[in-house]
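Input: structures, listed below.
In the two assemblies presented below, chain A is common to both, partnered first by chain B and then by chain C.
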Partner chain A sequence: MDVTEILKSLTGKFPEAISEATADSEIRARAYVDKEKAKEVCQYLKDALQFDHLCSVCGVDYIKRNELEVVYHIASYDHPVVLMLKARLPRDSPEVESIVSVYWNANWYERETYELFGILFKNHPNLKPLVLPEDMLGEWPLRKDYEGFPNKTARNLV
Partner chain B sequence: MEEKLGSNEMIIHLGPQHPMQPGPFRLNLRLRGETVVDAEVELGYIHKGIEKILENKTYLQGITIVDRICYLVALVNEECFVGCTEKLLGIEPPERAQYIRVILEELTRLQSHLLGMGEFGEFIGFMSMFMYTIREREEVLGLIDMVTGARITHSYLRFGGVRDDLPDGFKEKAIPVLNNLKKAINDFEEMFRTDRIYRERTVGVGTLTADAAKSLGVSGPALRATGVPFDIRKNEPYLVYKDLDFKICTETAGDSFARVQVRLNEIRESIYIIEQCLDQLPGGPIFPEDTLYGRRTPVMRVPAGEVFHRVEDPRGEMGMYMISDGSDKPYRVKIRGPYYPTLQALPPLIKGTTVADVAAISGSMDGCTSEADR
Partner chain C sequence: MGEVKEKKTSKSDEISEEIPGVITTTTSAIHNLIKKSKAQDIINWGRKNSLWFMTQPMGCCGVEMIATGCAHYDTDRFGIIPRNSPRQADVMIISGYVTKKYLPALKRLWEQMPAPKWVISMGDCSISGGPFYESYSTVQNIDEIFPIDVYIPGCPPRPEALLQGFVELQEKIKAKKDRGTEY
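Up next, the complex of A and B:
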């Protein structure tokens, strides 16, 4: 299965939810997805297009556009194409449906994205901090406006 | 994990510090008698915030930071970071630099697998195994030291090349080390095959099926031990791997014994790759000609863009997602380490086994908590 075929199938199935679908090279593709449809698209990718391997889920803070993005890198054990699926979220209430029921290993990636960016994954089975201590919840350290050390981090020490 | 305990149930905490662990994490086991009925991993004891640190360092400084994701595989981490940056810059290292990188990365694979096997032996009470493998590993580290000047955390790769050329007499030093290692690997294999206690601790323990491994997101030797031929060096070749002759090592059993067997075979393949590289090593520069990139460019601006680059780490699939906004520092770097999903898959794997087997299963995964926590 090659990259143009995959993008064609994806945009054909979800003409409204998928936008800006482009192929960067023979093995890399990218697309924006409507945040309401992210889980549905992932399910379709897994069932119909052999995307059975979730590489990672991460967040990116585009502070100038006042947006957060959640980025899914979805690959396959059978073909070499990696699809970069992005969803735009408003910065003041970032919410997106969890994909743990589609890809089991999204669990920790979503927990990490939640504690570092404050992106809320709805219907996640166990949404609590993974690598940060619990008293840092709400600081969202990987956002670009995080003040960091020593203004915030050292506050707990004095 | 549910707090309420039934009769004859108890919770024990393995860690954060435990001889079985490849770094600090806490494993909460809920036991009924000696059987594990539930398990939970708690991370965060060694979280270094590397992704945030990288946003505040120039690209060149970033090379020293990615070394510290996991010091065992520092050169592979560098390859991933430097590979991302090179794709954004649109440059490619000259052939000689690519061959040198492959040699160094395969040496990294050798020493990582050797240490992984030795630690695994130690976890299941096979103490002499650690002594055997660490002796061979030290020779391999000596070779890496000879080129990079450091045993671990080398800061050796540069954008578009490598910091220094191979020293004189490297090939003459490397060949005897590799030949000794080949003999040692045969000895190890014979020992594993015939040692009754070792077999009883590992055969049929922690068995993964191919479907389970795929749905858990596991990669690397743990996945290849189930029979899935998934190796980034073949599926998505980088550097000069497409010109080299090697095969993907797979086993079918999927248990702890098979995982160690895959590592043994991979050591053989890596030795074969290094020998080919030493024979075919072309002459020429170690930096692209007619460009400014090289070891003397401390500040450089990288064109805006984003890239996702994957390399094959000794433990599996290592990926980095790098976004540049055109400045001299990366806008965002996401590190996708191979041990992170494997550690996540540990609780379902050890459910239903006995406490004694937890070390045999967790150890055979060859972990590095430092990389999972980043």
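Up next, the complex of A and C:
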């Protein structure tokens, strides 16, 4: 399967959930997914299209559009395509269904996205901070309106 | 000869315990007497020649720290031996950035070490933050938390620099200028 067939199969299965599906090159594809259908699309990708490997889950803060985006990079061992799935979330209540039941390694990725962006992954088995201390929860350091960086508490040593 | 923290007792209590004709003394009084005498020089000579450091690597400086403890640089000739347990160690080397999440664990290790104990701050990260200066997740001003005797700049410092830092710490202990003991 090459990249156009994959995108055709995906848009044919989910005509309403998938939008702006484009192929950047022979090995890269991108698509926006509806946030309610993200888990179903991932399940279909894994079962029907042999996309076995979840590379990363991360977040992007588009503060001018008042939106957060959660980005999934999903790759395949059978055909050389990396698919970038994005889901738009409202900035005041960013919630998306967890995909841990589909890709088990999404567990820690989602925990890190949660602690840095505040994106709540529903039905996650263990949603707590991964590398940040517990008392920093709620500050969401990688959001654009975060005020704790640069941290000016250091004494001037010079 | 461990350092015993002097218990603060009011003078009235000491007078009430005094028995006429009998000179009473306390452990802390003996320690204070020793600290002011020449005997402390001999004690410090022993301490400076057995600076066992804790193998607690925290970043890329930790690799240099381990290399310093290995056979090529042979710190054993100065009496500096890597130890795996904080309860056997005299020197803690802060060898990397201290994140807010790691600081409680580092404090716990420091509290587990028996006195007398010293701290060496190794590398730019532990001195000022290095590349992580002004970051949201690292602890700034580490010298306010631990009594640091020697700063070793470098990113990371070479094992020779760490050896030099140990020698400087030995000189400080010999001169009774270290911050690990109250003289």
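We adopt the following convention: the second predicted complex is superposed on the first by the 148 of 158 C-alpha atoms of A that agree within 3 Å, B and C clash if a C-alpha of one lies under 4 Å from a C-alpha of the other, contacts with A are read in each partner's own complex, and residues count from 1 in each chain.
We take it that a residue touches a chain if its C-beta (ideal position, glycine included) is under 8 Å from a C-beta of that chain, and two chains touch if they have at least 3 such contacts.
Fair warning: this is a prediction, and the values are worked out from it, not measured in the lab.
Once the two complexes are laid over each other on the shared chain, residue contacts for A:P133 go to chain B and to chain C alike. In the superposition on chain A, A:Y44 contacts neither chain B nor chain C. Legend: residue contacts after superposition of the two complexes on their common chain; A:D52 is shown touching chain B, with no touch to chain C. In the superposition on chain A, A:V60 contacts chain B only, with no contact to chain C. Counting the residues of chain A that each partner touches, chain B and chain C differ, and the larger count belongs to B. Applying the stated contact rule after C-alpha superposition, one finds that A:W104 touches chain B and leaves chain C untouched. With both structures placed on the common chain, the touch criterion links A:P141 to chain B and to chain C.
Residue overlap on chain A between its contacts with chain B in one complex and with chain C in the other: 131-133, 141, 148.
For chain A in complex with chain B, the residues that touch the partner chain are 27-28, 52-56, 58, 60-61, 71, 73, 77, 80, 82, 84, 103-105, 107-108, 116, 129-133, 141-142, 148. Interface residues of chain B, counted against chain A in their complex, comprise 43-44, 47, 49, 51-52, 214-217, 228, 230, 235-236, 306, 308, 310, 317, 319, 321, 323, 331-332, 334, 336, 340-341, 344-345, 373-374.
For chain A in complex with chain C, the residues that touch the partner chain are 131-133, 136, 139, 141, 146, 148-155, 157. Residues of chain C that touch chain A in their complex: 99-101, 127-129, 133-138, 140-141.
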